[in-house]
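Both complexes shown next keep chain A, but they swap its partner, so chain B is in the first and chain C is in the second.
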Partner chain A sequence: MSSLEDDIRALVSKIIKIPEDKIAPDANLFYDLGVDSLLGVEILASLDKKYGLDVPEEKLRSISTLNDITALTRELLEKKKG
Partner chain B sequence: MAEDRIATSDYWRRLLRLDEDGEEDALGKFRYPHRFLRPLFRVFFFFLCRFYFRLKVKGRENLPKKHPYIVAPNHCSAMDYPLVAFAMGPASRDLYVLATKFFYDFPLARFFMKIAANVQRIDIVDDFLPGLRVAAKILRKGKSIYINPEGTRSESGNLLPFRPGVGMLAAELNVPVVPVYIHGALEALPAGAPFPRPGNIEVNFGKPLLMDDYLPKLRSGNAYYVYREISEELKNRVQQLKNNY
Partner chain C sequence: MEKISTLKQMVDRSASLFGDSVAMQIRRDGAYRTWTFNEVSQSVRNLASHLASLGISPGDRVAILSENRPEWAISYLAVAYIGAVAVPLDALLSSRDHANLLKDSASKGVILSARFLSGLREFRGELQDLKFTVCMDPSDDALSFEKMAGEARGEVPQAKLCSGDLAAILYTSGTTGASKGVMLSHGNIVSNVLALAELFPMIGREDNFLSVLPLHHTFETTTGFLCPFYMGSRITYAESLKSHVLISNMQDSGVTIMLGVPLLFRLFYDGIKRGVEEKGLFARVLFNVLLFVSGFVRKITGLNAGRALFPMVHDKLGGNVRFWVSGAAAIDPEVISGFDLMGITILQGYGLTESSPVLTCCTLKNNRTGSVGKPLPGVEVRIDHPDDSGEGEILAKGPNIMKGYYNRPDVTERTIRDGWLCTGDIGRFDADGYLFITGRSKDVIVTGSGLNVYPEELEMELSKSDLISECCVLGRKVKEGMRKGMEEIVAVVIPDAEKASGEDAEKALRGEISRVNAGLPEYKRISDIIVMKGEFPKTSTRKVKRYVLRKELGL
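Right after this comes the complex of A and B.
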């Protein structure tokens, strides 16, 4: 069973079209990997689609690394459960 | 491909709030008192362009006869906007521009910007969606928008990648985009130079990029890649204008 981190990495890799092993957990997606702001929105939309999360738009500002996205997903999943 | 469709055109339209009724007075924020000094600025800038920069304008006939449209030049200097607006002639009265906080937050720069242009502040780095929404509102009001698709000045003069936001606005609002190449502005006012040097500047307007070919793709493909395709085609067209020099 894959961890949430692995799932998020696969999802982000598919969207930004960069191999999973090239995405370090703390690499800045926008500055280090050249992701543009619209792709950032695509990532949030994909969390919505995969996990049924309604990600607030202002969260876009707080996600710049894979670790950020994983932490945000975890937080929103826990909120959803609870 | 269908699996890759995450943020559809409808999704982006919701984010831009395109299907909501527009604000009654979306242009009200641009009616600041500084604009009464604009005719004076135009006279000053006319002499500056005519004698100091020996400005030449090419392809002005390529500007669409009616607003709205997007004007998308290369970006090398802090005076790109006034040069393009001046080169557009009377059509520039309905041209609006969104300035990055980097410039707008300097009080003196803001003061002169407000005299020279219909301008508002945006934060394209940390909070780009509100900027895109303001641009969309302006276009929906039948006015045109000036956008630097590179997002920042090129210090070498080579074109930087064009960001997909310009493609999104053009496609979702179905407005033409006019590619523009400004030649000589980098030499006249490079980044860090306090005052412009005399020089030979040319503003060259290309034929507008129409959205007819892209709209069907928006419905069948991933919207993001359509936006990017538009931005890349726009960059190609600016590059073609640049290759003439």
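Right after this comes the complex of A and C.
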């Protein structure tokens, strides 16, 4: 079974069209992988879709790496579970 | 009704012609809140009366800072209505940058949404000219937009406006020293709206524009806000930039026209392809067969069968899309032709903030893939000193060309020569008069989201570092990923021989880049660093020869 991080890496890879093996957990999405705000919002949108979340766009300011996205997703999933 | 030449006349005309039709709407808490043309006009006049009572006179500056929403549009029109000057601020900039621009423009008031209040508070002490703050959301710290737009305070002063009066100052950047404020008059802006209305007579009350691009951007202000307002169309403000929210807005509000930037259309296009792929092999084969059939029908009959062949795509987008418009940067031809085969036309246009902004555009009748269309009625466009292939700098003249840069007569003089706006873009006309953009002679970097980044601003920041002896910021085409073919920002640096030498030099320089990036909005951040030795190629006046450097580095 794949981990949450693997799933999110696959999802980010699909959006930004960079192979999964090039997306290191601590690579900066904005500096190293060329993500801009529009792509960033699209990554949040794909989290919404895959996990049934509603990630606020403002959260984009607080994430810069795959690790950050994974932690944010985990936090929101836990909140959702209640 | 006589021809209008000011934004005040536009407000009065639209209220008179379109009265109770819906002018603007936004979905809040699950339901659409709407404003009719009469309601917009009334709110504009109410707010204008309050601004006047707060001491705003013709020529005074009032800044506007918020995400896209009807209150932004009403504020802009209210400021213009009494002859004051709107200063739309880029919501993506930092509070420091906002303060710089408020100071530079000597804005007497600012109308903003609640999320910017704390940032403003931080720098409030520096803003000597700022007399009041109006908040679009409920707040105890500012005057209430809702109250001011809801009820007039005395009579609305009847400013005697003429087309040459200043209507807006649009800043190209937030950094002091690097920023230029483009001054647009009522006549500049209105002439552009009228020319576009002449080219698109089929747009009217039945149309519904989805407002996605930031409203401080002239492309959205003129074409996504003022054009539909003039033509009696409805504007739906997107709740979010998330594609599924945009699609949901399209579906439940019946959007017919959308203005976007290349990356947005690329995301839509890839989303459709991904959706097909996820449905399996049969769906993928069927999709490709339908694309082929659509292309074949187009070739044989000249007709576009895309709408009939791809009803599921049209249904997904609400079923009412007439066309989309792409601006601000070059769009991938694959995206244009892909959507075209599915029955959705993407029209391209071209312009600059300095030209209010549209200079040329394709229309449904005159559309040529890869071209940015023909000049607008009343606008002259020519190629300066064309080479053998007809390429040269694009120059433009017309009623839409700015009055100049605010407090920068030297830069204005360099940019407008003998009445011609020197665009800094390179292009050529084909035999039928369609303009093609082929390059750029000026230094500005244009991102895939259509945002301009001025290298000097970043160079100023980098040059503060002790580790850097010289630096030059250039645009480079992205080689892979979603942004392939679009521009990214690269810093070319020559390290200080003493302070940044040895094996760790590059690491230290990267640290400097991170430091600079941390203080920049995301779209201005430097993506990569190239370390060089020696000295940059320079002109006799010691300016870096960017084109030579670019060539040397193979960029």
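One rule holds in what follows: the second predicted complex is superposed on the first by the 82 of 82 C-alpha atoms of A that agree within 3 Å, B and C clash if a C-alpha of one lies under 4 Å from a C-alpha of the other, contacts with A are read in each partner's own complex, and residues count from 1 in each chain.
Quick note on the criterion: a contact is a pair of C-beta atoms (placed from the backbone, for glycine too) under 8 Å apart; a residue touches a chain by one contact, two chains touch by 3 or more.
Keep in mind that what you see is a predicted model, and the values were worked out from it rather than measured.
Applying the stated clash criterion after superposition on chain A shows that chain B and chain C collide. Contact with chain C, but none with chain B, is seen for A:31 once the two complexes are overlaid on the shared chain. Within the superposed three-chain model, A:15 lies in touch with chain B and with chain C [touch as defined at top].
In the superposition on chain A, A:39 contacts both chain B and chain C. Contact with both chain B and chain C is seen for A:49 once the two complexes are overlaid on the shared chain.
In the superposition on chain A, the chain among chain B and chain C reaching more residues of chain A is C. According to the touch criterion, the shared surface of chain A, contacted by chain B in one complex and chain C in the other, consists of residues 14-15, 36-39, 41-42, 45, 49, 57. By the touch criterion given at the top, residues 4, 6-7, 11-12, 15, 124, 126-129, 163-165, 168, 224, 227 of chain B touch chain A in their complex. Those residues of chain A that touch chain B in the shared complex are 14-15, 36-39, 41-42, 45-46, 49, 57, 60-61. By the touch criterion stated above, chain A contacts chain C in their complex at residues 14-18, 30-34, 36-42, 44-45, 48-49, 57-58. On the side of chain C, the complex with chain A involves touching residues 92, 115, 240-245, 261, 263-264, 267, 270, 274, 447-449, 478, 480-484, 488, 513-514, 517, 522-523, 525-527.
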